[in-house]
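We just call them A, B, C and D in the order they show up, numbering each chain from 1.
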Amino acid sequence: MTDILSITILLMGAFFFLAGTAGLLRFPDTPGRLHALTKADNLGLGLICLGLAIHDGSLQGILLLVFIWLLAMFSATLSAFLIARWHETRRSEAEHD
Amino acid sequence: MGLTELSILLPVLMVFGPLLLALLVFLAQWQRSADWLGMGLGLILLALLTPFSGAVLLEGPLEMQLGGHDRGLAIPFYVDGLTLAMLWLNTLLFLFIQVYAGAWLQLKQPAPAAEFRPLFLLLWSGLNALFLSGDLFNLYVTLEITTLAAVPLVILSHGHAAMAAAMRYLLFALVGSIIFLLGVALVYAQAGLLSLPLLQEQAEPHPALTVALLAMTAGVAMKAALFPVHAWLPEAHASAPSPASALLSALVAKAAAYLILRLWMGPLEAQWTPAMAQLMGALGAAGIIYASIQALRQTRLKRVIAYSTVAQLGYLLLLIPMASVLAWNGVIYHALTHGLAKAALFLAAGNLIMVLRDDSLRNLAGCDRVLSKNILVIGLAGVAIAGLPPTGGFIAKWWLISAALESGQWWWAVVIGLGGLLAAAYIFRILSYAFFSPDPHQETPIHQAQGQLTRALVWPPVILAFLAIALGMAGGLLAPFLEIAAPVTGAQA
Amino acid sequence: MIEPGFLLDLLLCLGLLGIAGSAVLSRGQFRATVLFMVFGLLMALTWARLQAPDLALAEAAIGAGLTGALLLNACKATYTRRQAGEAASQDDAPGTVFRLVAAGLSILLAAGLAWLMYSLTVADGPAAAMARSEGESHFLGNPVTVVLLDFRAYDTLLEMAVLLLALIGVHILIRHYRLPDLHPPAPVSPPMLTPLLTVATPLMLMAGLYLFWAGSQSPGGAFQSGALLAALGVLYRLTGRLVPTGTASPGLRLILVIGLALFSLFACAALIWSSAPLQYPETAAYSLVLLIEFALTLSIAATLLMLFSGSLGLARGQTS
Amino acid sequence: MTVMLYATTAATLFALGLYAVLVRTGLIHRLLAANVMATAVFLFLILVSAENPEGVDAIPQAMVLTGIVIAVSLTAFALALLRYLQAADDEEDQTGSQDGRQNGPD
């Protein structure tokens, strides 16, 4: 029963990753791509961690997975922020010229 | 100290002495005191090498397992006649070049001293480690040490040309070392061993080992600049600062060529066929002829000497098709003579450049009167390289030609003779510029600049050139040492 | 029915080939660099899949991480240089005939090598058997660390010399050809950098020291740990917490050589208690290994950081 | 089956790297290609290690770890050299070619 649950959640996570990647490839501009990537990937990663946590079951495993999830969220936020800022600087420079 | 203790202590000292000194110099940023310590170390090693060679002669080849592990698991130090010869050459050259380089650094402004000395010492250690190593993967690591010490030495002489030459050298060396590593991996996968002495005992013919041998040979050939993958060498060796050129030509390229002999003659002897041996010999012969002709066409002194290196390295490959003790001795003798003579040539060239500011051959006109000792060095070392009697080069060629005739392969004798003639031609071409061209210089500027040349700059090349000549008298004395554990059968020298 | 494990292997291999191919054949340095970093990450997965966790850690930290940072450095240098508007015209390609011949030979080489490699991976060699039997009762628990620091300690020692030589080579370049700093501190520090560093510093320090400590018993060791600590240094360098200086301070030089120096001293000192260099003494072997490995970690971290920094020394910068 | 897959991958990566080293002229691409070749050799070594019938063989793993560090050292130095070489190229372009050979050997 737990196996089916965890596999379902893992598949859902994989689907969100796929959707995020498709967005990255298909959206035309930087903010759009960031939008697709950050939203979908964070959800996908969360689902995958959840699925793995259900599969693993031990307290230590769950704590580690939560830790990994938080770290990944943190770095994703930061890199998305930096990319967005770089984009803004570039745009304002272009307008001034 | 007994002989046993000495045979343990000396190899350790040869690797770790220069290494620890390099770290100390890097840490404390010593300048002149580093030279004195280096010379002291060189003298100690030279003094210990004599009884050590005796011990190896008496007790046979030395094999020492590092870390005290079992044979096959540990990395061994391995010393036979070939190793001994290379250790002697290394110690002598580093000792004299150290003297020269110390004085040279004092004259250079801005002095690249802070980097030159650690590089120099680490190269010394790395070359000793390479010659002592009896383990395939360890050889890869030591090869990388020599590469990463040699390429920075090239960029020590400033300028765009030097950096471009260094980049080319680095790319060749990088790809070469990866191809070599592929060979090492294939040997490990097939034989499950990396230790050379064990491989020699156990190896049976296997196609994978043949491929491995070819891969390692191709990789090392790129580092040794053997024909036809020599394209990087003339520029790199010519644009390096002169003491570095001497090291690169006399030792670094030769260390890679040494590896080819080491692999073909010992551990992987069962893996090649006579046809492959003939092909290797043919490549060597092509290198001798092609590079000698190129040397004849150069207009700059250091490029002539650099092309001569490509040519002289070709002789080493002639051992493979002949594979007799006589050829073995001849090739080692050739390596020794060439090492001493080539270092002398580059150091003398460095002196000439320091005075003349430029190394065009045309500029040499009139130098015979004011820079006589340096011109004398070019003459003496050139005679040794061309192989005229009574030099070391003559003995080497004599042995090689006899070996060729004994094995019925007269064509190598022709190549050797032709190579000697061409070498004589390019050396006399240099000398003719110095002696016979009309003198375009006012005598005074050269006389003034000549005052810069201190004894520490003038004498090392002179002594090295005389040593190259003196080797010609010591052939019978040294032959028993060269033959220690010679992995070939056949006529004694 | 294809096993799921094989499917994963197949995907990994196809990914490796595709990404490596597009990296080395792509136009543009930046594109090639980013693809190469992805290749490094896939490689790390492959190492994990082939039961080499030590390598997976090292590849992720060194292969993908630091090499990537160095490559991006080079891209940045080229980009800064070409801002004047000069187009990238460097790639004057060789002729079609040459390409075709090279391609044909490469395909032959690939086929031959593949067959050879496939036919070779079966037996248990003598060295492997010895390493296994000797390693079982060894005072270090991680078999890879046993080989790195005991059986083949000499290789590890010399490899430290290679690392130092690379740095000395870079020093020559820096000292003789003055170029502007690649990473000048930004006039305004982005608001999120300080919280990043306050979180990242303890985490990376802890992870780095854990890798060092765990290395003797489980995957990890001096190289992985040193690379992680160097990455922390790279963060500090990029955010202006560390600024380049024109001289290497004595303390920095000491850290750069301490690993190699201690290792070499031990190699020679071993002759006092045994007849072979690099042999560990009967007693206190474990503490000796820990000491040497710690020194190695420090040297590796410092050397990698300085290779990235492109300066002779580093000093504490002003934080805004 | 798995062995054949990885052996083919290693061999192809090696040949691919060699091909790119031969036909690419950009230095960064050549460096990357050399790194791909090195990785191919490492992959083969690890395959040998993993396929050992008696269990994982640690010696190739240690060799590869050493190889990775050596590769990163060489790459780091080569990239630094590349940067300074390009800067010198620019300088030479600016000052014109008349003193291009000024820095002769010494």
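Assorted remarks:
We take it that a residue touches a chain if its C-beta (ideal position, glycine included) is under 8 Å from a C-beta of that chain, and two chains touch if they have at least 3 such contacts.
Please read all numbers here as calculations on a predicted model, not as lab measurements.
Of the two chain pairs examined here, B-D and B-C, the one linked by more C-beta pairs in contact is B-C. Ranked by how close its mean Cα position lies to the mean of all protein Cα atoms, the top chain is D. Mean C-alpha positions place chain A and chain B at a centre distance of 58 Å.
Taking each chain's centre as the average of its CA atoms, chain A and chain C sit 27 Å apart.
Rounded to whole angstrom, the centroid-to-centroid distance between chain B and chain C, based on C-alpha atoms, equals 32 Å.
Among all residues of chain D, those that touch two or more other chains are 14, 18, 44, 48, 59, 63, 66, 70, 73-74, 77, 81-82, 84, 88.
Shared interface positions of chain B, i.e. residues touching 2 or more other chains, are given as 137, 141, 144, 148, 151-152, 155, 158, 188-189. Among the residues of chain C, those touching two or more other chains are numbered 116-117, 120-121, 123-125, 127-129, 131, 151-152, 155, 159, 162, 165-166, 169, 173, 177. Interface note: chains touch in the pairs A-C, B-C, B-D, C-D.
Every residue of chain A that touches chain C in the complex is listed here, in rising order: 71, 74, 77-78, 81-82, 85. Every residue of chain C that touches chain A in the complex is listed here, in rising order: 190, 192, 196, 199, 203.
Residues of chain B touching chain D in their complex: 137, 141, 144, 147-148, 151-152, 155, 157-164, 166-167, 170-171, 174-175, 178-179, 181-182, 185, 188-189, 238-242, 245, 300, 302, 350, 353-354, 358-359. Within the complex formed with chain C, the chain D residues making contact are 1-20, 22-26, 28-29, 32-33, 35-36, 39, 42-44, 46-59, 61-66, 68-70, 72-77, 79-84, 86-88, 90.
Here chain C touches chain B in the complex through residues 116-117, 119-121, 123-131, 134, 150-155, 158-159, 161-162, 164-166, 168-169, 171-173, 175-177, 250, 253-254, 256-257, 260-261, 264-265, 267-268, 271, 274-280, going by the rule given at the top.
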